[in-house]
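Next come the structures, one after another.
Two complexes, one shared chain (subunit A), two partners (subunit B, subunit C).
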Partner chain A sequence: MVLYALRRIPSALVVLFLASVAIFAVLHLAPGNPAVVLAGPDADSVTIAAITHQLGLDRPLPVQYAIWLRGILTGQLGQSYVLGAPIASLIGRGLGNTAQLTGAAVLLAVGLGFAAGTIGATTRSRVVRAAVVTFTTISFAVPTFISGVLLVLVFAVWLRVLPPGGHASLVTDPLGGLRFLILPAVCLALPASAVIARFLQTSLSAVLEDEYIRTARAKGLPAARTLLRHALPNALPPVVTVLGIQIGQLLGGAVIVEAIFAWPGLGQLILQSFVSRDYLVVQDLVLLAVTVFIVFQTLTDIAHAALDPRIRLGS
Partner chain B sequence: MASVAHHGPTRAEMLAMLGGAALAGLGAPASAAPKRGGVVQIAQVPDVIPSGLFGQNFPNGAIGGLIYNTLTAYDHRTLAPRPQLAKSWDVSRDGTTVTMQLRSDVKFHSGRPFTSDDVVFCIKNMQDPARGSQLRSTASVVTDLSTAGPGEVKLRLAHPVSNLFDLFELMFIVDRESLPDMLAGKSLIGTGAFTWKQWNPGDSVTLARNPAYWKPNRPYLDGVELRIIPQTQALLAALQAQQIQLALGLAPKDVVSLHGNKAFETVVGDTHDAAFYVGSNVNVKPLDRREVRQAVSFAIDRERILKDVFGGLGAAQSVPWPQSSPAYDAGDARRYHFDPDRAKQLLKASGNEKFETSLAINSGLAPASAIAQIVEFNLQQVGITTTTVSFDAAQFIKRLAGGDLPGLWVNVHGFGQMHPATLVVSAFPFNAAKNASNFRDPRYSAAVNEAWTATNDRAERAACRKVTGVLLEEQFVADCVLTSGTYAGVPAFRDFSYNMYDYLNFDDATLG
Partner chain C sequence: MSNLRPAECAGFVLVALIVVAGAAAPLLTRYAPDFQISGGTLLSAGVAHPFGTDDLGRDLFSRVLYGIRVDIVVSAAGVPLALVLGTALGLCGPLWGPADVVIQRTFDVILAFPILILGIAIAVITSPGLIAIVTTVALANVPIFGRLARAAVIAQRERDYVTAAQAIGAGPLRILVRHILPNSVDALIVQAALSLATAVFVEGGMSFVGVGIRVPAPSLGNILNESLPYLASNPNFALGPVIVFTALVLGLNLIADGLNARLSHR
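On to the complex of A and B.
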């Protein structure tokens, strides 16, 4: 098993190396560079050339690549060309904030989705069922840039019960942090909760028609116990599959929600960095994403091998 | 040395200055004693870029003027320089020597006294192309700097320049001992009313009151927090929810939507520092023909752009100069107005009744797309078919700097509000030697040089007439609408001001 795991590492490193070359090449082939952005729209070519030289962007591309790779390997990510700030702290702060937002959104999506899906599958009231369908349809159909603005308008501008945007640390100011977190997390969670609710409702409705459920009811088992112990666990597999996909989409959707709610996460960082051609920040962020993906792929391979001896013996 | 000089403000100038300050403030001046204390929350869309503080990039105007001082500050109406860190100055009759007396009671936030050596450092720093200052050409005219003690600095110039005080208006006096920390955004040390506390990139900048500020009993505020809100709708919502007390750079239509709402006050700046224009690459046929460029200019409905895109906040005009500029002339400003028939005649005369070309826009420039739609429609009406090409900011600026934009483009330029020479020397679209349009003309170069080196008002105005004449005739830059920065806030926040490049000044600001 350990040998199997070790055999995965070289191929993962090769993929990582090739990815780093591709990321570097694609970014540097895109027109424009950070010197142009820093110089501004009124700058002349002498100014742009001087800033290009100062940033080291006039060196040959292989040299720039080697310097970047050495920085990655030694843990020295360097400084943002445009902002001037250390990249490690930029990414660290953004990562923490995005994790907070998506974590809260996942919890909310699961909570809302399970509640709506379960109610939709078990209720006999047409009105309640219609209400659930309305909730899931609207939540899914309305894009986050619309729902975000509406949430701000209602809860921040009209009712003034929550801030319209911004961020506070959950560690140093838990209550304040929570107030800032609610609206963006709800906005991000709504579409995912609708998908979860729809899948759960369909799956649970089918399970509730199964004969073993009828048997449980005939035996006089309480409805709640029948639902929680027998029906729900059997309805979960398709929901878990879709939940995994939704988490990935939540990370993608965070870019828009972060902009609407001025949430300083990774989405904003990568967007602004790409627009300003802040090469090092974009390269580091994309490489980080690739690394995370490769690590999870490798762990999945290892998990499959652990569960199925044929895989590790076969390889 | 013979002197023609400026020894600080005269009484008339002082009155003008007071009027200017009131105009620049948000809300009426407070009648009672100013209220001390409070941390004002302000917000803008773009993040600050500390390494760009020597360039004239917009995002830094919100903090630069709070942390740093400049040597002088213009009166907005007369463009007469006022003392700041320089308390008086003498300019020699031939305009090649300037002697400045400096304040002796100024300290940097680090506690180090401000001296003439700091002025020498800052001017040399501005001469470095790597600092990205658009005033580098003017700074580079200073060929020798000498000091006579900590309170006097003497500048010798290679030739007289009429826009030297634009340099002093825009040049932050920075602490020479901490320049690397400043460029890295770690610590910004100046002599201004507020000290740098913390910067969370993409989120906020926190400033605190400078207790040792050289202006007695100033500032009134305890601090300033600048929040970065990367979406204009969210910026408006933050103001409407009163989460912030001042929103910088709201979209004009959002500003208009606040009019009549007593919970908010809006100010449209009097600097008129953003001129939206349609540029032509004269290397692209048939835009190499002057008549074709003139036709394009006559075809553009400037009034519609002003109304539909800017909510009427600004001026539709065909010159880059605002009314406060010595180069402004009302007839010139109206020279190109919406006249499709005239445009068709010019196209016919040039033998290009119908043609196709590109219309490039910078996707990072908010109003560009809306302006381009109007221009595209206008040009279509006179027989010019355009294909809109959208570039992101980095691509657009690179092509602009290389004179490589394919045909026409929509963009914005600044500097018209400063001394006329600054526009034609420092704003790349107008640079006589090399510009985005690839336009060269000995007449233009001579007129620009004459305006730059003029030693008196009369010569300067005469030279400016020549510059404007060439600009209007050649139309390689067709100015369309002149707008200003917008400030929208709550009435409780009052008495702030800004300089001619929108550097904020909260020396007298209070939070009621």
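On to the complex of A and C.
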């Protein structure tokens, strides 16, 4: 497994490096000089030249890229001129909130996905299986911006049991914080839970047909133990892979969910920076999203290899 | 098409209804999408305005119908573009090792972007609008089609019939297009249906968060965004986008599932 990790990590780093170059290139291809935006409408050419120099925009692009990369590796992200705060502290503040949201969504997605997938694979009732298929089809297909609006309508407007949006700290006000967290977390979790459920159901159904499961049943093992000790572990590898991709995608989904529920996270920060043309912040956040995606994809590939010797030992 | 399953059939009907409604928008409504009815702000749904009116007194039924046209354009432009480009890259890559490596790495990089984050980055260059959405849809789908086509090449190129074709003097292009491509057509068709659903999602998502179609131009995503402050007082504001989006993506997914089931059991 260590050997597999040693093979897998360098290729992940190559993709990450290429992605960082692409992000840098894309944001420097953007029309308009950021210094002109920052200097304001009435600035003279001397001020603009000074700001251009201060931002390092008059230096060759490879040098600018190196400076950007060094800043990221040392945590010196610079100053957001539009919001008037260090970029690192802006990202730090949003990161905590987005981590709460995505963390809760992962737990919900795994819980719902495993429950639905296991029920779908083991039930003998047609009605129950149809219900599972309906749940996965709908939660996979319906986009988060629709499910979010529907959740607000049902639970905040009509039933009035949960707030339609906002945020409270889980530390100082655990109960209030949780109330704000539930709807956005459910909204973000639904599509991921559907994907997990579908993959688990397919994989588990196939495993349950295997002969060693029949043997386990024949020697009198309780159904629960057969399922938990024999069937589920062997059904896991494909689910783990898809789980990694789903977690990596959550930061993209968080942009929409945070916009619906006024959740003060990184999604709100990237949109705010986009609108105010604060492209340095956008650049850092896009890189962060890509890094998170690549990290989770790599971790789950390694976990997959740990679960499945054929991958770990294959060439 | 002879043995359509009910779910697939329902999918086709849903999608066809919406496409026709969008195409026939001028016949179905007498209000222009940006016409402001004086004294008619935030009307509830009724006979004159099936979805009511928005905060500026514009007929929401008209805005929804014209908004559907954006999704038709995005789907009709972005997905075929990705299909052609991705298939070409996927088929030709394996012909020459170094090109294959470059193409595969490029695909890896594109796929590392969560799709909405990709949309935001693209909107920085092109500025928000139709071009940004179509580019995002095309770019995000090229690697998916490319990998499907490449998988067919890898799986088929050692087969005897390919050797036979080579032996009678067929060139690489002819072998790829005439002999190998047909093997991946099923997978590409199913993926095209899924990509159409992605296209609708990307339009909605990008316009919803403000990096896609901007008001006053109507789009389902930006109507939904504008409805957010009025969900408590005028839930009908969100009615149109909710119905159309749900029907569209559900319909396209049902079609994809049906195609998948039919083509894989053939």
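Throughout what follows, the second predicted complex is superposed on the first by the 201 of 315 C-alpha atoms of A that agree within 3 Å, B and C clash if a C-alpha of one lies under 4 Å from a C-alpha of the other, contacts with A are read in each partner's own complex, and residues count from 1 in each chain.
In the analysis below, a contact is a pair of C-beta atoms (placed from the backbone, for glycine too) under 8 Å apart; a residue touches a chain by one contact, two chains touch by 3 or more.
The structure presented is a predicted model; accordingly, all values stated were derived computationally and were not measured.
Trainee: Considering only touches as defined above, state whether A:V255 meets subunit B (first), subunit C (second), both or neither.
Mentor: Touch status of A:V255: second partner only.
Trainee: Can A:V149 be said to touch subunit B (first), subunit C (second), both, or neither?
Mentor: both
Trainee: Looking at A:V26 after the superposition, I want to know if it touches subunit B, subunit C, both of them or none. Which is it: first, second, both, neither?
Mentor: Second partner only.
Trainee: Kindly classify A:I138 by the partners it touches after superposition: subunit B alone (first), subunit C alone (second), both, or neither?
Mentor: second
Trainee: Could you look at A:V286 and tell me whether it touches subunit B, subunit C, both or neither (first, second, both, neither)?
Mentor: second
Trainee: Which partner does A:L83 reach: the first (subunit B), the second (subunit C), both, or neither?
Mentor: first
Trainee: Which of the two partners, first being subunit B and second being subunit C, lies in contact with A:P222: first, second, both, or neither?
Mentor: In the superposed model, A:P222 contacts neither subunit B nor subunit C.
Trainee: According to the stated criteria, A:P233 is in contact with first (subunit B), second (subunit C), both, or neither; which is it?
Mentor: neither
Trainee: Mind working out whether A:I294 is in touch with subunit B, subunit C, both or neither, as first, second, both or neither?
Mentor: Second partner only, subunit C.
Trainee: Quick check on the output: what are the common subunit A residues between the subunit B footprint and the subunit C footprint?
Mentor: Correct list for subunit A: 30-31, 149, 152-153, 156-157, 164, 259-260, 275.
Trainee: Which of the residues in subunit C end up touching subunit A in this complex?
Mentor: 105-106, 108-109, 112-117, 120-125, 127, 197, 200-201, 204-205, 208-211, 221, 224-225, 227-228, 231-232, 235, 238, 241-242, 245-246, 249-250, 252-254, 257
Trainee: Could you list, by residue number, the parts of subunit B that touch subunit A in their complex?
Mentor: 47, 49-52, 55-57, 128-130, 132-134, 136, 183-185, 199-203, 227-231, 233-234, 237-238, 240-243, 362, 364, 391-402, 411-415, 426-429, 431, 434
Trainee: Quick one: which bits of subunit A touch subunit C in the complex? Just the residue numbers, please.
Mentor: Those residues of subunit A that touch subunit C are 14-16, 18-19, 22-23, 26-27, 29-31, 137-138, 140-146, 149-150, 152-153, 156-157, 164, 248-253, 255-256, 259-260, 270-271, 274-275, 279, 282, 285-286, 289-290, 293-294, 297.
Trainee: List the residues on subunit A that touch subunit B in their complex, please.
Mentor: 30-34, 36-51, 53-54, 79-80, 82-85, 90, 93-94, 149, 152-153, 156-157, 160, 163-167, 259-262, 264, 268-269, 272, 275-277
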